[in-house]
């Protein structure tokens, strides 16, 4: 099995100042590319507290450069509007009180044009700053913060897509973000094989020299018993069997909190699924379609992922099992956000046997690991220290990135995290087992 | 004292087919005039369940013509989109299930352009229908329904304004719908005089021959003891005394439900008021301004109106006291929606003494009358029968129209109604007393 | 038709000091008689905010004598526990902040024995006061307040019964307060006749010299058109037809707020009704039983009463129609609380034709009148002024008393009032019509 | 440092059938001893969904023997009331639908006497069963299930105490369960020392032969870096410094969910604390008292424990750090439930230095470990499999037992677990640090 490095998984990190500026420009522009089919009205709506309006994402990612770089580093920087610091702050209490999150959808102003103006303005100022490198500032700190800002923007590219998907999904007009053509014919997928991995006292976490989030470190030893991991993701077809077996109607395989959640929420299928006369349909960013049984299952909660695994007599992998395996996985053909498909792809039925597939891209994979600090974990200093550490309770870790994740953003040590009842991200399932 | 007729208060009702078409065109156009300063984003937002997005009002008033006229009367009429019947129905269960009201703000599509296209389309079809009058249809029924549709649209012009006011009021960008210039200097208002009216067994309700809502009839006798009515509306200055007397902090003058409401809602002033370093400010459709003490008080609930009256040792008028007095009131200088001011006007300090002022326009006046059926009341037949009758519980009657009401829409017998805790309409107070 | 007086309907009001003491003793004792089958645990439970625990009723009625009489009139009176003023106050803000109503069921202490000790203590002190009459106090004011306290206690006897009924109703152990024997055989009831009453300018309200609540006055003229009133109450059997016609599933006959309420609450039958294999059952204070089709319908909301009337093509009477008719009604065989039956009785099928039956006792009758002040209404002075006036919004008037009302408490001018969604009182329906 | 065994910490497990019967009798009796000062009204109240009424605990622990032993093992066993299976089931879905937990306080029946009768009845039947051992049943399975029932009852002894504490705490009558005399004079406590422990690949979990819960196994290796653990619990005095430093008013040291929780709940001190003129008081089972600064801090949430540790520049221990240390701790003078004190005890200021104190008893110690399955974890078979496994999400592990835990119930591998916002258990804090 090939060993992939812990970093530079798909795309090298920018090294020279010129590469940095190019990456900055490319990522900033790509955010806007994602919006190119939207009308102004689409940018405003918030369908639930977790969802942010598109124009908020556009403003917030811009504000991030303003609040953490421009205000400190660019002499004489003045924001185009002082109220943006209030409106576009997310949760950085150290930077001031933010506008109440569930009310982001109550704001028609600043309008979309004003927000794009804010982006133009901040981009120019960032270029002013890049032009001053080596003259009157610390180039390394600027580089660090810019790369952080780029990675932050990439996270919001993913949220922007999952949020607009939620907004479009409730709309009876069936809007489409990307027309990705007619549905492929379901041809079947390769059998799910279980690949064995030797356990032991192994090192996990980020051990490279590039950018990574504070929560990926410290690199540390952990004891992992030998285990087996599924060669591919669980498919829609496999999950339909779970539904048809009546598992949403029986408590047996559910965590108590999961069982209560599916009852209080009335869940009986993944998010966006609806039963039609022709079978299950689901809303995709290409509109509402018949569920393709070959595609990876997506938009399930941890509760559903866990119940499905139990029903199969298996379990979810821990985040370290996943990480150890992922370091040895190949990554061809991963569906990532650059594809602009915004939907996971079925594994071809001729995919090579005896190998791990779909470890990166497609859907985030729920692990059985609660999101906690690694031994010796330290948050970053300053306001950016609020980035990851303060969320370390009542969340579960997901691994591997999705079809909405950038190829220059994902790596084996990357830890995503969401509450156990979250479903609106591109979340799916890979099964694991104890070693025989 | 002059006697004003019960109808044709400001503007005659259209009589000939030509006048009807003109009125239709004028009212339809005026709705759009009210929106001329909006950007597309403004049309989408819903700040609370009572508020509807502007584009919903534009679509709903159009749907009303479609659902109650075009579909029945125009052979071969096909809606531009069948889903509009679901999205733009308000509460007419007989016409099909409507989209859930508190979720109107979740819809970015149809976009504003599509909604305006729907208006164009329906207006043309109405003209097709007007062209066919006297050929193959009952002209009187068409006239009746068209006038109902016009009056319905005028009601929504008022709601459109009060709703967008609510949307703008929460926005830290302080948007402005109409720039109505610098604040006038407070010059004082005439003293509040109490004018006596003889009671007895009197007739109330609509007794004319023109359009009126079903809830204004039947014309019927009611016994009204002699009473006194204030010559003008309560002003902001007078209400500030109530606030400064600590009345929001003492239970004494409040209805029990009012006392509980101000506590659970945290109310300590009218809606849109905020204390600043320079004194009380309030959001108006011309932006946030200092509260002018001469202007009529506006945006108070029934609870506040009632508590204020008790604190003054007086009471609110009943709806019949108000109506009997209003029939004898002059109506010069009333601020109505045609002024495009969208804000009530202070009574000049030289206004004539011994007369009733501000009975029409400015602000709706809370009465002490619960909204009930008149003896012998019958709802209209068919789906339009859901218009008024089904709301006859737990609402209070308001009278007189406001600065957002059309001059061709208001009359002495007109009954508006809202729950006792509603504040977002242009609602104010006129005091009354038992005869000495 | 016999004319019954407006007062002294069943039992004369006490006149001499000796009669007053006897009445006091009798009413105080009767409250305890109602509790004689309870175990201490029963006294504690509160099933919803509207319900109070039995021991709270026992303490509150005692506190009423303490707060409004003993503390002022009996020199040196000291409460057995100063905290009772907090725990047993209901809503008299002028007397101090009460314990939060929805939390009355959180209090195991004071225990039942302590509460009975409080009753003993206050009863003795009241007797001390009665012994001093004509010596050092105003006998008339003491008489007035004592009669108020007695009437207040009678109101709580009714609430105590309806509250313990609610408590018992949710208990799978099917507890019984009063064993009222096997169900009578349904024998049918007389046909519902409609009796005509002449309208005109009529006087309504209390015009006698005895005790009455402030809300029954002033006696005043009102114009009432001629009308017809049903000779008897609506029966369970008649209401079953309404259910079977699918009226809980169609919006047509419901007020908008009623339609929303039955959906959000999931109502499809009166309170306490459950469908069993043998037909509808309902919980009664004699346990769960088959619904007897002859008995008066009970435990419906205003919404259900109103929808039923519309479905029949009729309406509910106004409170003045009811009152005018009631003054001319006979009152034989009324089921009142003294019967200790605590359940309404079916009208015998041989009941006299052409007469009004069941106007008093059995069930409170919903009227179409919102609860408002009569012209010239003044609340009582002092803290007892909070008794009635502050509830005058969003409530409907009920008339006639029920099987839980004392015979010395009810009269033709008596106005009970509850919100339109209340069902746990003994509430039923009598139909009315406009005169032909 | 002394090594204490992993089991038999304070009291040996029963081995012979006679010892088993004695233990059964003793534990069943002790539950009732805990209730000996209650009046029937106290047994009924439920102050929040987490709290169960005392009589429910008495019934539920009895039902446990009925449902898991008597029904299967005792031929011809018939419950005294079939409805008990519904009323006294907690959450064992496999045994049937339980009564809705938040409504346990709505039930006055069965009364306290009936519940004690049920206990008598089931105890006799258990004795019948013990008498049959070796005749017609598997003695080992009976022994296992009886010991499970005993341990289950001991858990409910603790809940019974913390629940009645919550019930009494809200009562203005200040009820007392146990009079534990006047407050001791605060004399100071020994300084908090940090004791070093060597890390490495260590074995954790239960490795003995006696009773233990499924969640304590499998015994397994885990890698623990070297660490330091505080010699004693955090005291009230130390926590007062945290309060006085304004930490409840600053976001800095809080988890995001903690910060939101203290704001939405209005927390500014531990549960049961109130500021009085004489300083902080707290409700204890001996009544409301001044907070003794020497006593262990108790009734804080995980959020507060975590924020306090961060504020001190330290952290909470992981559950494995705690367990490894606990195996080497002495256990003299632990306050456990047998003391009937029901309140934690201050550590004497002369306590030996350089040793771990208060590891068992006093208060449960929050760890930083989310409650998860150990590698290879398997739930018990059958309905008792719902005991622990189905709670393994969104809970944090607590260790060490409290003043409400039985001495025959606690051990080093014992894992308690509660949501991060729970405070009503006897929960406190011990600090830890990374090794220098």
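Should a chain be cited, it is by its letter among A, B, C and D, assigned in written order, with residues numbered from 1 in that chain.
Convention: a contact is a pair of C-beta atoms (placed from the backbone, for glycine too) under 8 Å apart; a residue touches a chain by one contact, two chains touch by 3 or more.
In this text the structure is predicted, and so the values were computed from the model without any measurement.
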Enumerate, in label order, the chains that touch chain A and chain D alike. none
Measuring from the mean C-alpha position of chain A to the mean C-alpha position of chain B, what distance in angstrom results? 48
I'd like to verify one number: the distance from the centre of chain B to the centre of chain D, where each centre is the average of its C-alpha atoms, in whole angstrom. 61
Rounded Å distance, chain B centre to chain C centre (Cα mean): 39
For chain C, residues contacting two or more additional chains: none
Dump the list of chain pairs that touch, please. A-B, A-D, B-C, C-D
Once bound in the complex, which stretches of chain C touch chain B? 91, 93-94, 201, 220-223, 225, 251-252, 254-259, 302-303, 306, 368-370, 372-373, 375-376, 390-394, 396, 420, 434
In the complex, chain C residues that touch chain D: 39-45, 47, 55, 81, 83, 86-87, 99, 103, 105-113, 167-168, 170-173, 175
